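These notes open a run of structures that come right after.
After this come two complexes, each holding chain A, first together with chain B and then together with chain C.
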Partner chain A sequence: MLEGLKKKIDEMMANKPSPEAVKNAIAEGQIWKSIFRHGYPDTPRNRIMAVLSNVFLHLHPVKVRHSGVKMSYTWCMGGLSFFLFLNLTVTGVLLMFYYRPTAEYAYYDIVALREHVPLGIMRELHRWGAHAMVIAVWLHMFRVFMTGSYKPPREFNWVIGVVLLLLTLLLSFTGYLLPWDQLAMWAITVGTNMARATPFLGYEGPGASMLQVGGVKLVTGGSDIHFALLGGHFVSEATLLRFYVLHCVFIPIVAATLMAIHFWRVRKDGGISGPL
Partner chain B sequence: MASRRNGAHRFFLFPLSALLFPAAALADTDLSEASSIVSTIITLGLAAFGVLALYVLFLTGRFLLAVFKESMQARKEAQAHAVHVEKEAGKTVLSAAFGLSALFSLLALLILFAAFLILTSGMDFSFNIGLVKFVISAAVSGFALLSLYMVYLALSVLWKVAFKPAVHAEGEPMEGLPGGPAVTRRSFLSLLGWAWVAFTAASMGALTTVLRFFFPNVTFEPPTKFKGGLPETYAIGVDERFKDAYRCWIVRNNQGFYALSTICTHLGCTPNWLQAEQKFKCPCHGSGYYITGVNFEGPAPRPLPRFNITLADDGQLLVDESVQYQQELGQWGLPGSFLDYKA
Partner chain C sequence: MHFIVDVINSLFNPVTYFFGSLIGFVAMIHYREKWTEPQLALKILGGVVVALILAMFNDHFRDISTKSDNVPIFIMVFGVGFFTWLSFRQAVVNDRRLAQGQPPVEKETSDKKVYVWPDLVYVEFIATIVAGIALLVWSLCLHAPLEESATQAWTPNPSKAPWYFLGLQEMLVYYDPWLAGVVFPSLIVVGLMAIPYIDKNPKGAGYYTFNERKFAILPFMFGFLVLWVSLIFLGTFLRGPGWNFFGPFEEWDLHKVVVLNNVNLSEYFWVKLLGFLGIGLPHNPIIRELPGSLLIGAYLIALPPWLTKKSAFLMGLLERMGVARYAVLIFLAFSMAALPIKMLLRWSIHLKYIVAIPEVFFNI
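Moving on, here comes the complex of A and B:
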């Protein structure tokens, strides 16, 4: 057995591998080929293959116009919004390792995240990233409007974009409650009180009083959209948990799905619009 | 042949029946104490029962009419051609099964109608909750029987297709359901299509019950009624001892007591009582209220509401926050909005 091993080592020493040979051996090997179905992306074909055969890149256009990457035209605001979303996802998941959404602990966990959790800047990154994302999304919308990129054939992508704007604002709003301090409590109290005035669904809204059967009101303070949103009649621990789940699970999943559609449609609707 | 499409029609019952899920889920609720949303769901579910029943009745009528016509026609033809018709043994079993299921569905229909009529008549059921529960349970069982019947119909179609495929030439109508419409390959596939649509619709309908999940049955909030201690323990002026727990100020003046809501009528913040300036001042947007609760500055659109305040049997103040009196509606003169009490 030792003889055989020695023979193999001798063989390997005899054919000294050049860097070129090593590169070829790897790029032609089964492991490489099984992961990347194409060669090194230095030919037009391989470059296209690199985008098409990658699950993340395939949402992206195979080829982008020079004007499409011109910063003075696109401001890169869509890309920045997505970058900030990724940043918020990573920092947000990290924060979840310490934060407990209960009336007893929520505020102290937020303080702890700043005072004695390692890398105390994590919560600050999340918070400032959130502010930046709202600004970036607005600027992205402004740019798309000013360059007329909402016009056919991109009109449906504009619609998806508007929904994404709404989801961004909802993420911002639900995250607002989580520090559980006086500002959070009263900001959410004020904000959610608007839900009471929702037409038909809120008990103080127009039309709600019309919804009654045999004199029994259907939309009351205990059965309207405001009650469902808060999990009670006013902002309480139930609301904190509700907003936590919306903030960390529900809205991000919906937003990420819509983002995938948004990016995919950029490609399907003719790529990033260019200057006329 | 119009009757061929009957089979497809029947499967419309499935999406309709999806409406029944919420009602079935809540059938055990005590209606006299149910919240309005629960009774709405039950009422809607029973309305769906009613529509379903009407539709089934319509179908049954048309069905029976067609069977009657066909049998009359067949008898005429048989007489005309003098053909001897042999009675097959299998047919007896099938028609017995059909009769049974028809009986069941008729029974179910009757109960459905009873439930529907009783619950839409606007009668007061608080005197007999047991009866209501019985009717609702019976209606739900009736629906289950109807479902069984529909499963039986589908299975009998499958049976025909599976075991008698080669006898017929392509496009020729096969023998259909017992006493039912003829089934061809095309109409069967169309039936499957409708069944798929119906299944999807029913699943989506059942999923809407998830909405109910967002309305908790129990909230961990302070009770709306509380005792405020003996009146002698209050000095003239604004008392803040129940501000945190019950969001209520108890104010005493020379004539007596009133209980003010601490919820700013602008956007719901809690104002502060400023003793030196003798006013309630909201820190959020600057609304100001007099000690009476009437607004005089800032964006607040109306005065703070007052709560019902009375004396309990043991001589303590009793505040009921579920009863509110609004000044702009002229309710501050009503009994209960103010407690006469002179030391």
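Moving on, here comes the complex of A and C:
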């Protein structure tokens, strides 16, 4: 019996299958078929199927304008913004494994990330990725503007884009506080001080003193929008928790949802813009 | 060497910086045919790089530029520069073709459709890998900053917002927080959202062009380059302790004192102009601020219709756009102009507030 097996192996070694044959064997096999539901995408039919039957790829149309896939046209900036967002999601989750948003631990968790994790660059990937995303989103907006791609029928996708731009900045801003060092605390203090001056809603804003009931002021230092944002009169542990939740849960969910709509709309509005 | 550094430092102040960037902007638009030529563009890039390298010999400048959180600003400045070039280059080429009755370059391939798999997917794939490697290298080379543990006990000086908000922080020099920190940012967002509904020019959709969309591109680029990117640069490199202005190679002196003798409009009006009447500043804030309020009202309500009637160009715009769109456009344009106008008033006549009712935090 052993003899028989050895002979079979020898036989197989003698006529090595071509890479082509291996590829075909895999792409026609049951496992591949069960996952992708079509053969290797090198025929028109399978290329169409590749896009249509994949939940991620089907955000794309099956075919696009040739001019629309050129780097000189889109600068890849929309895609890059999305790639950076994905990178931030992954590295952000890893950072969350270590980081505790309390005044007692936050700073030392960050120090530990630097000092105790071998080759630890998760924080760097996350921070530089965040800066890069802000830049990429600006440049994406710039290219969309310069190609006039906000013109009908893409007006509303531009509006969604502006909201995404705002969310990107807010994500970056809320994240800035989390290292809980002097840089973080005072940048957020400078930034959030503005809220005190919100017309009507901030206690140092114009009109706020008009909101009174029977001589009792409604908008005070302890009840205005600045207080609500910080959870206190100044940046404190309560602020850290608020920003942490906004940064890690709320804004990413909203942004991801809007991105899905944004991509869907690119497709529904006729794919990447091009001259008529 | 010291002499050159001193001369450069003394050339820099908010006024020269603003007018410098304004002149640069105008020149950029005017000479777009020239600098978009790759050869000249490369020379300009070379010049900038050499200047930057020379500047790095200065200890102070090097300290600030190599602060790890400021590195992204260089990436942004060079990125914005490069992509401004790329878009203007393509616009200039297309404009030449359009002038000869040819379609834009994009048209040559826009009717042809290619499969997403593989033509788009592989571009995405390669871009992902390149971006991933770039980010990895950046992260390996440069540590994320970490200063001392946060404390309310002492305030660093200068205290700066994250870099992407420095343009807004710079506005605080000229306007109170309720305008610079709340109203103007909201208007920027609303204004950006309004662009597709204001710009009814059907031309220039889906290809690069300048000539066909001048009046859309000019205000957008002015806002983006002169009022946003360049103010971020100013806020990072030229604003030091106390938010005082420093030259690029000037040590940040904690004790630099800048005399602020700014004067309110009410004082100009009641004390300086009507001083001979001897009434002084009225106690009633409404009367006291009447001149300033009238001025603001005139700027926002009376000036636009008057200008529109005077100008054939604006009249044509009004006819093409309809009243509602035109009104929104003019309001946004006048709000954007409010920043440079206040800058000019501050620099020329040391005007502090046009309307000042500090009792209710209403200062303009």
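One rule holds for everything that comes next: the second predicted complex is superposed on the first by the 225 of 276 C-alpha atoms of A that agree within 3 Å, B and C clash if a C-alpha of one lies under 4 Å from a C-alpha of the other, contacts with A are read in each partner's own complex, and residues count from 1 in each chain.
In the analysis below, a residue touches a chain if its C-beta (ideal position, glycine included) is under 8 Å from a C-beta of that chain, and two chains touch if they have at least 3 such contacts.
In this text the structure is predicted, and so the values were computed from the model without any measurement.
In the superposition on chain A, contact of A:F234 is made with both chain B and chain C. Of the two partner chains placed around the shared chain by superposition, neither chain B nor chain C is touched by A:T89. In the superposed pair of complexes, A:S53 makes contact with neither chain B nor chain C. In the superposition on chain A, A:I110 makes contact with chain C only, not with chain B.
Once chain A of one complex is fitted onto chain A of the other, the partner contacts of A:V190 extend to both chain B and chain C.
Contacts of A:V69 after superposition: chain C is touched, whereas chain B is not reached. Contacts of A:G222 after superposition: chain B is touched, whereas chain C is not reached. Comparing the two complexes, residues 186, 189-190, 193, 234, 236 of chain A contact chain B in one case and chain C in the other. Only residues 41, 44, 47-48, 50-51, 57, 60-73, 75-76, 79-80, 83-84, 87, 103, 107, 110-111, 114, 121, 123-125, 127-129, 131-132, 134-135, 138-139, 141-143, 145-152, 154-155, 158-159, 162, 165-166, 169, 172-173, 176, 179-187, 189-191, 193-199, 202, 204-210, 234-236, 273-276 of chain A touch chain C when the two sit together in their complex. The touching residues of chain A, when paired with chain B in their complex, are 186, 189-190, 193, 213-214, 216-218, 220, 222-223, 227-228, 231-234, 236-238.
Residues of chain B touching chain A in their complex: 35-37, 39-40, 43, 122, 214-216, 219-221, 247, 267-270, 284.
The part of chain C that touches chain A in the complex is made up of residues 69, 72, 75-76, 79-80, 83, 86-87, 90-91, 103-104, 106-121, 123-124, 127-128, 131-132, 135-136, 138-140, 142-152, 155-156, 159-162, 164-165, 168-169, 176-178, 180-183, 189, 192-193, 195-197, 199, 201-209, 213, 216-217, 220, 224, 357, 360-362.
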